[in-house]
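Naming follows writing order (A, B and C), and every chain is counted from residue 1.
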């Protein structure tokens, strides 16, 4: 219809937009998921011998997969928890100064660091001959290299967690500071203060609940990012256990062809975990809207 | 302002600027033996070596720039148009939700799953293959970021423009585009950074043949060549730092 | 006859929004239509402006059928209570927009915009951006932006609905003044009885998709469904 054409509401234009969306967004995702399922059950691939559950059961009997999933969950949980504690304390301490002052530029700086560079910096700071170790040596806290604890490539993933915390804290600091301003938390706190509430109580009952509730979606998404992170555990992690991304890459890039279907199966498990987390995300998002 | 003299603020300031200082110092260091705090000497030879393209860093810089610019431009344009179509669709909530999947997935795992198709179409290990693979991640990001543009107000402005006599082209170039510009710039900037920072996906789809800057950094880390790793890291982080400064002044302030 | 609307109807999915609407408008006249929100008045105005397509019926402008003429060729302006100024343009450029579209020459644009700025009392604000203006000032700019293209017809959908009482009264005066100055023909839709009586040369009442046009203001007041009687009794009993 000519009338509607004049307002870009042309059906053909809109439909081609949706078709592009299907081709560029939905098709690659669906295609790779279907291919992964076929591969994991032996229906395609170089060693395909028809439908089989050998790879799947092989993987299910191997504790490696569960260790890796649990380890990834542990890393993501600790990183986010620490980053939240630090950033919320920062917001409570500095209020909106973080987003408003001219110095705020510096809190944005870590956002200009890619994961791979941050991991490299961590390595230089925390390894046995790193900056921290040298400082401790110079002030006579340690006498030789071996007294410095294993922080990188260690069993508990301390280096990985610290690096994630370093990246996530400024992000959440700015994020919460913006919410603090947008939601007029200051005015609310002042009302509570005039009613006689103590500042610790205000923080506990007003500021933190508002910030966490408004930020829930972003926190969840960030959790998913850390859960599937690759560069940081690749550089700072151990041989075993490995975070899920590192393990999947190892399985699928190996020359042992038997490992590839297992890698595909592992990816499907990872995908399911992400879909589950995203479903929680959608639910909380809907609640936030209504 | 008094807050800024707080010991925690000073600690945060030092922590946030430390990586930049450390990387720069390492990039000009001559030897750095334990337990010395500072390097034994300094030289600019690595930086001046850049112009002679030592280790192909200059080529990697060009490559990362090219990929970033193409990916950011294309995703911003497609994000702008597709988000419009989606906003008019009756199932827009589900379509927008679908955009979260490619974003939330670890890019390295997603590219492993896509890799088969890239090999099938002979795109594996090629420049164009990397661009397409990155677009698969960045287009949904662009759509999500720009979907907030298409609200009642935008459609009403479009109608006002039409009744004042504008044809489609005029409405697009004189109203829609300038009104959307601040958000388009933010979108472009952020997608450029996604592409510029990407490592996992580039190594899988590029099979090591497309040597972007992030791959160089990893290669030097692997070789335990910390000075060149620092140099390539510097090249990788200074443009985003400058962008961030520009972005905060010209884009963030406009939104507030 | 400037505008002649014949048997217009419109259904959205299953809801009948406009039912067999007919009306006529003489040149330089203002028809005010009283109606509550949701009575279909906005849809009627949008159909006349070419922003929504009617299901059936005819629209004649100066005797010419404009049923499927696109909005940008009708030059009929639809103004809602939201001023909807272009946020990226200052006051001067907002007003000049219609002329820039027509690729009018620069001196002509300068002259016409300045003339309107004076008529609307906006000279001192011409460099300001929309977000720096008050509600009343925004609506003035909106008037200027609309009047500059000499529209054959202005459609006003509760244009002063968002303004406080005093600004509203000022704007009503201003509209009366510029209507005379620029020989404007208009349809003025409002839910305020006083405003309807004040602004219109002719008057109508709209309810649930149906429109009644009265011969004169007396018969409008006499008809009990318009609520004018109630209003009068209220003030008399005070």
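Following the convention adopted for this analysis, contacts are C-beta pairs under 8 Å (C-beta built on N, C-alpha and C of every residue); 3 or more make two chains touch, one makes a residue touch a chain.
Bear in mind that the values here come from a model prediction, so they are computed numbers and not experimental data.
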Practice task
Could you tell me which chain's Cα centre is nearest to the average position of every protein Cα atom shown?
Solution key: B
Exercise for the section: Would you kindly say which chain has the C-alpha centre located farthest from the C-alpha centre of subunit B? Expected result: C
Problem - Centre distance in Å when subunit A and subunit B are each reduced to the mean of their C-alpha atoms - result: 17
Handout entry: Rounded Å distance, subunit A centre to subunit C centre (Cα mean)
Key = 53
Handout entry: CA centroid of subunit B to CA centroid of subunit C, Å
Key = 48
Completion exercise
Within subunit B, the set of residues that touch 2 or more other chains is 159, 162, 167
Exercise for the section: Please set out, as single numbers or ranges, the residues of subunit C touching at least two other chains. Expected result: 50-51, 70-72
Fill in the blank from the handout: The positions of subunit A in contact with two or more other chains are 5-7
Fill in the blank from the handout: The answer for subunit B against subunit A in the complex is residues 1, 3-4, 6, 8-9, 12-13, 15-20, 22-23, 26, 34-37, 78, 81-82, 84-86, 88-89, 95, 97-102, 104-110, 112-114, 116-117, 135-136, 139-140, 143, 155, 158-159, 162, 167-168, 171-172, 196-197, 199-200, 204, 214, 217-218, 221, 226, 229-230, 233, 236-237, 240-241, 243-245, 248
Problem - Contact footprint of subunit B on subunit C as seen in their complex - result: 49-51, 70-78, 80, 82, 84, 86-88, 97-98, 100-102, 145-146, 149
Handout entry: Complex contacts: residues of subunit A adjacent to subunit B
Key = 5-9, 13-18, 20-21, 24-26, 28-29, 31-33, 35-36, 90, 93-94, 97, 101, 103-118, 120-121, 123-125, 129, 131, 133-135, 137-138, 145, 166, 170, 221, 224-225, 228-231, 235, 244-245, 248-249, 252, 263-264, 267, 270-271, 274-275, 277-278, 281-282
Handout entry: Contacting residues of subunit B [partner subunit C, same complex]
Key = 153, 156-157, 159-167, 170, 174-175, 178-179, 181
